[in-house]
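One structure is given below, represented as structure tokens, and several questions about it will come after.
For reference, chains read A, B, C, D, E and F in written order, and residue numbers begin at 1 within each chain.
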């Protein structure tokens, strides 16, 4: 019963999300023996204004 | 001091969220003896494009 | 496909967790029309040393 | 490698988020000895309709 | 800057976690063009007593 | 009503957690005008075997 939350800064296309979901589900089935039908994956696309690294928001000027 | 995060695919009406918050808070008070005033509940309404089951996004064609 | 994460300070008995899971799943089925079989609920029992309110860890002396 | 998720009801200005990210990163560097460059901070601004305290959504009438 | 949280019921071996982390990081680099060095992955191994599906804890008798 | 989750790889002493909780609560009060009594902070101390950066678990040999 895996639950996977993928948070990224910015956005992904629908095609990217579909491909990532497919691959990650396959990884968990092959390596962790979790049936694919039990795997939930959610994507959180976080605005760059809402994500900081090293104390600076990602939309900051350098 | 419970903190409850409810993530659902799609959306809920305000009335549904109000009723769920009321019932879940009551459940935690009756069963876990947590005072209602300490219980925080947040709802995350996740777009179907951002939720995958069995390796497929929920907005996929069958 | 709800995913519910319940975080509480301290611990719950197995019986409390079973009763809470049953009631919350029922709440989501009745109010949000989410089939019970799709609802995942996880409990995180957080040590009082790891939970702060008002800037003080919960295991602090008053 | 800290990962910090800050969820607040309502919104913050960009300036508030920048200042909070800077201070929290500094706190973790000074007290926990985590290099600033390894610290990720994300903000989730949750609508008042999606946050309940004491069983009531925050946008409820009193 | 992806942050990925993988929650599974039960445990994984160190080898399983290493292989999953490697594959998921590679997936995000290939498909989402996120440099591997920016990807954080955390595993939460949740006891079966703390995970419910369909309103029943996973360690329940059938 | 902020809810802050601080995840770090490894452990912190009780003194470190108390100091971090105090400072972060103060930061949110000063900058975001959130009353201290409404701020919850939780710490998740994640084993190095359960945290990967750049596709490698943190307890890996170099």
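Definition applied: contacts are C-beta pairs under 8 Å (C-beta built on N, C-alpha and C of every residue); 3 or more make two chains touch, one makes a residue touch a chain.
Keep in mind the model is a prediction, meaning the values are calculated, not measured.
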| item | value |
| --- | --- |
| Fewest hops from chain D to chain E - one hop per pair of touching chains | 1 |
| Fraction-based call for chain F against chain C, same above half, different below | different |
| Pair from B-C, D-E or C-F with over half of its contact pairs in common with A-B | C-F |
| Cα-centroid distance, chain B relative to chain E, in whole angstrom | 21 |
| Centre distance in Å when chain B and chain F are each reduced to the mean of their C-alpha atoms | 24 |
| Chain centre separation in whole Å, for chain E relative to chain A (CA means) | 11 |
| Residue numbers of chain F (touch at least two other chains) | 1, 3, 7, 40, 42, 51, 53 |
| Contact graph of the chains (line, ring, star, complete, other) | other |
| Chain-to-chain touches, reported pairwise for every pair that qualifies | A-B, A-C, A-D, A-E, B-C, B-D, B-F, C-E, C-F, D-E, D-F, E-F |
| Of all residues in chain E, those that touch chain D in their complex | 1, 3, 40, 42 |
| Residues of chain D touching chain F in the complex | 1-9, 12, 16, 19-20, 23-24, 27-28, 31-32, 34, 51, 53, 58 |
| Contact set on chain F toward chain E in their complex | 7, 46, 49-57, 60 |
| In the complex with chain F, residue positions of chain E that touch it | 14, 17-18, 21-22, 25-26, 36-37, 39-45 |
